[in-house]
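Both complexes shown next keep subunit A, but they swap its partner, so subunit B is in the first and subunit C is in the second.
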Partner chain A sequence: MTEPASAIAIATNMERKPTDWSASSKMRQRLASRNRTEKMFQFTGLAAVVLAVFFLAFLLWSMLADGVHGLSWQFLTGTDSSDPETVGIWGALKGSLLTMAVTLGLSFPIGVLTALYLEEFAPRNMWTDIVEVSINNLAAVPSIIFGLLGLAVFLNFMHLPRSAPVVGGLTLALMTMPVIVIAGRNAIKSVPPSIRDAARGIGASPVQVVFHHVLPLALPGIMTGTIIGMARALGETAPLLMIGMRAFIPTPPSSFTEPATVLPVQIFLWSDEISQGFVEKTSAAIIVLLAVLMTMNSIAIILRNRFEQKW
Partner chain B sequence: MVALDMTTDTVPGDAAVAQHKMTTRNVNVYYGAKQAIKDVSIDIDMDNVTAFIGPSGCGKSTFLRTLNRMNDTVASARVTGEITLDGEDIYASSMDVVQLRARVGMVFQKPNPFPKSIYDNIAYGPRIHGLATSKADLDVIVESSLRRAGLWDEVKDRLRDSGTALSGGQQQRLCIGRAIAVEPEVILMDEPCSALDPIATAKIEELIHALRGRYAIVIVTHNMQQAARVSQRTAFFHLGDLVEYGVTTDIFTNPREERTKDYITGRYG
Partner chain C sequence: MFLIAILAAVVASFLGRRKAQAIGRASGGGGDPRSRMPALPGHYGAFLALCTGGPAFVMACIWPTISDTFVMRAVLASPVAKTLPAAEIDREAIIGEARGLADGTIEAAFNPASYELVKPITAAIQHFNLIGFILTLVLVLAGFAAGYLCIRRDFRARDRVETIVMVCLMAASLVALVTTFGIVASLLFETSLFFRQVPVTEFLFGTHWSPTTDIVPGQTNGFGAVPLFWGTVFIGAIIAMIIAIPIGVLTAIYLTQYARPTVRKWLKPTLEVLAGIPTVVYGYFAALTLGPAVREFALMLGMENPTSESALSAGLVMGVMIIPLISSMSDDSIAAVPASMRDGALALGATKSETVRKVLVPAALPGIVGGILLAVSRAIGETMIVVMAAGMAANLSANPFASVTTVTTQIVQLLTGDQEFDSAKTLSAFALGLVLFIVTLILNVIALSIVKRYREAYE
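== the complex of A and B ==
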């Protein structure tokens, strides 16, 4: 026989004393020190949570205190103006919605198809490894770089209209797409192989396996990832500054190609104003942005809890 | 007695079988450089249940999965030799693998119903293969498949409930019903009872008896008593070799090979 077998034989021959569990024993002392560690860890953890919640609460409270009086029907339906009394957020909100529509319309189908292809169809080789690494890297690229890319490609090369939601949407789609691919791949991976086997075993073709079984089961996970990616895009400022979505827009955009601005850029612009009246309006705009973001995240959580499959 | 050549005249007194449902000749299966199946030739007949037995890792499941090309999805797997279904080479380029799997159905080790309703589990196969022309047609297929799977009386009032809400044994019978709903010619069962309790196992075994003759059934099992109970032909695999193949009662009462005898009597396994 080989080495391990003889090692086991020796081990079983060794004599061991029974463990001493009496009150004064080493084992009891060890237990006491372990319990102390437990308590300390729990206390530190609680302190960390309190700290995090405190800053969130402080942020929300200060925004509400400053901005809640700025919220009015006129504010929610108006557009940008040089006078803080008549200023409104609707123009920026509509700009955000149009931009997000373009972003979602592009990044969702492209991202999901990419994820499906990479997980279910692509052969495992050097090329797919390179694609995988590139997508992961793309998700980590600072957003300002995407702004520069948008400026170079969509404005200077393709001559699309400056400051328009279509360009903002395209730029943010580039940024959101890798997030959707990564979330999508994880969701697709979590569909158990036995479901694919079952479908294949009764003669489903590869495309039927994917579209009848894998995609529907992965969809809640994909949608959660998509909403989180969209929420990130919605809060993005830097890349949109690069493509000119920082202009003063006194009328809400009525199409994808008209000049527009978006919520976070509007907040950035107002926070730069000298006039005192804009302080309140900036906070009010932040409240609107936070409300939209929290709604999106809540939808993501609801989707996840509602449709998550337990295997 | 019989010579060691297991291909021609596979089993004594079996000459009446005009054509075998499936035949395999000199089949080798490799996973990368490792050979999992060595030169296996076997015939599978319509009116028999064929059991594959052998210790873990002997290649019996691998071999089963070559019979409907489920190994195609494993990138490193390579199959050589000839496997035919009704005389047609199933690894030929003219063979459509999707259609092959409709003709050679499969039941897996762990019950794997789709997370859909009981009705949709059964109806899925007929739907994708266009076997039903109307809703009423489909209802008939679902009912008859569930009846043949011995599940109808237990689920007829809750066809809209999820298939995953059934018990393990019911799930496995649902999977058998799902397989027979597309009217395959051969059903491959890969240790169908290994995740089930003895009562559920007994029900599956009864079911196999009832289905015998209508479908050629091949069952992989760890459980030798099960092989003895349900099958008429038994193949014993060891380390990728087909050691012995013959009439089940002969294998269990009068094995020709020393290795078979050792396994049957529990010397290893």
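== the complex of A and C ==
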């Protein structure tokens, strides 16, 4: 008979004790202040995110507001001129295309082969370490340094033509290659060893293993890295200024060695124009550039989501 | 020439395969492994293709440079060239124009003497193009013959092809090394030329920057780079970081700890868009929208004659550009803190914010600091924003509304103006580039080693 009673007593005691404890006004105050801090902290975090997103929205909106009226068929197909009414970006766009063709043609094969070598074949020795360190550093070197390299080596030492897409492409290829190597190595690393073992087991040579099995499986990852690297190269301005791709180009370039300019440099040049009409055209060119870049990045994301394999 | 090499290689791969198949059939023993050929027909094809196309391809790559010197020599030896001016610069200008005329890239020459040269140049170019063509053909045929004779029953084509592939892989990996070496060598070389004219101490410790082409030895010449270093640090490491560090770290905390997964899934790529916007767009925004606004603000504060090119507008925009970098580095390092630490703190009754502030952030601090160092190195190497928004005046001032200039701005400024390359003015850009390269390199190395050690600590 007494047992349930004591149990109830204990239970009420247990219930009462914490109630008592939190009922003390000092504790309650403390809890309230802790909760306030919690709220404040969460609010600050949210504010930081909102601030960043707001800035992005503001930037995009101001470009759209300024430039959307400048977009027209004539603007997309015209070339640079001194009259803001008739300027177009086709010349710069074509320069960008030619430059990117050179960049892709050089940096993709070299980057993929380097990644394959470092990940699959390279012996662990000092040389490999030096190569690895230099790739990691190249990925972080400021882009303008690549411009100085292009100026000193390609123009002054090798006497390649000034302002030409081929020189711009070479310079940007050196800049993009480390990005592709790093992305490629990660993609290759994620291919499970069992694939290699299986291929080796049925008599494939190491080179066959890599080129028939590892590379195809790693390709989506490599492509994603390549697209991101190319998008970066496409938006790059400073190194191209160094090698003189800032000429006034009234006719679109038709070969890799003709003087050309690229879209970001064209934006830079127009932004320096005093005439008010160029404000609209500059913003319109920015809209085109951003549209291209965002398309490239979305393709990269889609590629990653669709082909990424979880092993 | 490239076309010949590639076409020949395609044809050769076909023929090599055929021959290998023929040998395989002739020997007959398809079933017995020992009597089979040591490689697949495709390997023989690839081997023959490499033999045929490889040398010719290399030749096609280097021939333009070789033939260039030959053409020059032939032109200078021609009777017309006797009339050219003796000064090398003039001569080269005329020859360059004549080349343009010969190629058809320029229509009218500035110097009438260049018209005379068009004929010998065209002749020489044609002459050496023909020689290059014949040489390529010879290489193709010789390579094909040698390779074709090699293909026999016991020839291990797979091993040969793979050796060549390995050599290609190694060569590709050396490109990065050569690039690094090229950067260091070219910067050091040009900088040493510069320091022959201007003392190192003046460059590193002088406080007056107004580069000129004429150098007076033994006197200060306006090559004191301290104002530039200050401007770079002020914009990139102070103003930009005041914006980017709090917003970046708080964003990372919010996204990892508070945001719901769906919100996070959308917000993260949105913030990464900030990192994908080209710097020239940021620069344009800073110069056109933010610059005037900052000037208005300075006027409101009662400043006299504020400029629209201020350290503040450039630094603000640069800070925004850096946010995603700091955010993603902090994100990674917070995620790398073991879950047991977080769970332990929560189990002791700490609120979420207390856990973040007293456990997660201190534990992730090395990673965050590493990210900040990387961000600083990005910011001080950033060019277009400061070129467009920070101005050209080399002021040694801590006033954020004043116009300051940076190392990168001056590099652009010095190298896009005049074309004369050997003056101290243009060479000083390379000295600035070397300083920038060394500083970013040190920052990156420190940052990466901190991050690496931190990751090891929790693994």
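Everything below uses one rule, namely that the second predicted complex is superposed on the first by the 263 of 311 C-alpha atoms of A that agree within 3 Å, B and C clash if a C-alpha of one lies under 4 Å from a C-alpha of the other, contacts with A are read in each partner's own complex, and residues count from 1 in each chain.
As a convention for this text, a residue touches a chain if its C-beta (ideal position, glycine included) is under 8 Å from a C-beta of that chain, and two chains touch if they have at least 3 such contacts.
Here the structure is a predicted model, which means the values were calculated and not measured.
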Looking at A:V153, would you say it contacts subunit B, subunit C, both, or neither? Reply first, second, both or neither. second
Does subunit B (first) or subunit C (second) touch A:S205, or do both, or does neither? both
Going by the touch definition up top, name the partner, subunit B or subunit C, that contacts more of subunit A. C
Which of subunit B and subunit C A:L113 touches, first, second, both or neither: second
For A:A101, decide between first (touching subunit B), second (touching subunit C), both and neither. neither
First (subunit B), second (subunit C), both or neither: which does A:A247 touch? neither
Figure out whether A:R124 sits in contact with subunit B (first) or subunit C (second), or with both, or with neither. first
Taking the superposition as given, does A:L138 touch the first partner, subunit B, the second, subunit C, both, or neither? second
I'd like to know which partner A:T282 touches here: subunit B for first, subunit C for second, both or neither. second
Touch test for A:S194: subunit B only (first), subunit C only (second), both, or neither? first
Going by the contact definition given at the top, which residues of subunit A touch subunit B in one complex and subunit C in the other? 205
Going by the contact rule set out above, which residues of subunit C touch subunit A in the complex? 65, 105, 158, 161-162, 165-166, 168-170, 172-177, 179-180, 182-183, 186-187, 189-190, 246-247, 250-251, 253-255, 257-259, 267, 269-271, 273-274, 276-285, 287-289, 320, 323, 351-354, 356-357, 374, 377-378, 380-384, 387-388, 408, 411-412, 415-416, 421, 429-430, 433, 436-437, 440-441, 444-445, 448
Can you name the residues of subunit A that touch subunit C in the complex? 34-35, 37-38, 40-42, 44-49, 51-53, 55-56, 59, 62-63, 109-110, 113-114, 116-118, 121-122, 130-131, 134-138, 140-146, 148-149, 151-153, 156-158, 174, 177-178, 181, 205-207, 211, 231-232, 234-238, 241-242, 244, 246, 257-258, 264-265, 267-268, 271, 279, 282, 286, 289-290, 293-294, 297, 301
Quick check on the complex: what are the subunit B residues that touch subunit A? 68, 70, 73, 75, 98-102, 105-108, 110, 112-115, 124-125, 128-129, 175, 178-179, 181-182
Quick check: in the complex, which residue numbers of subunit A touch subunit B? 123-124, 192, 194-205, 208, 212-213, 217, 309
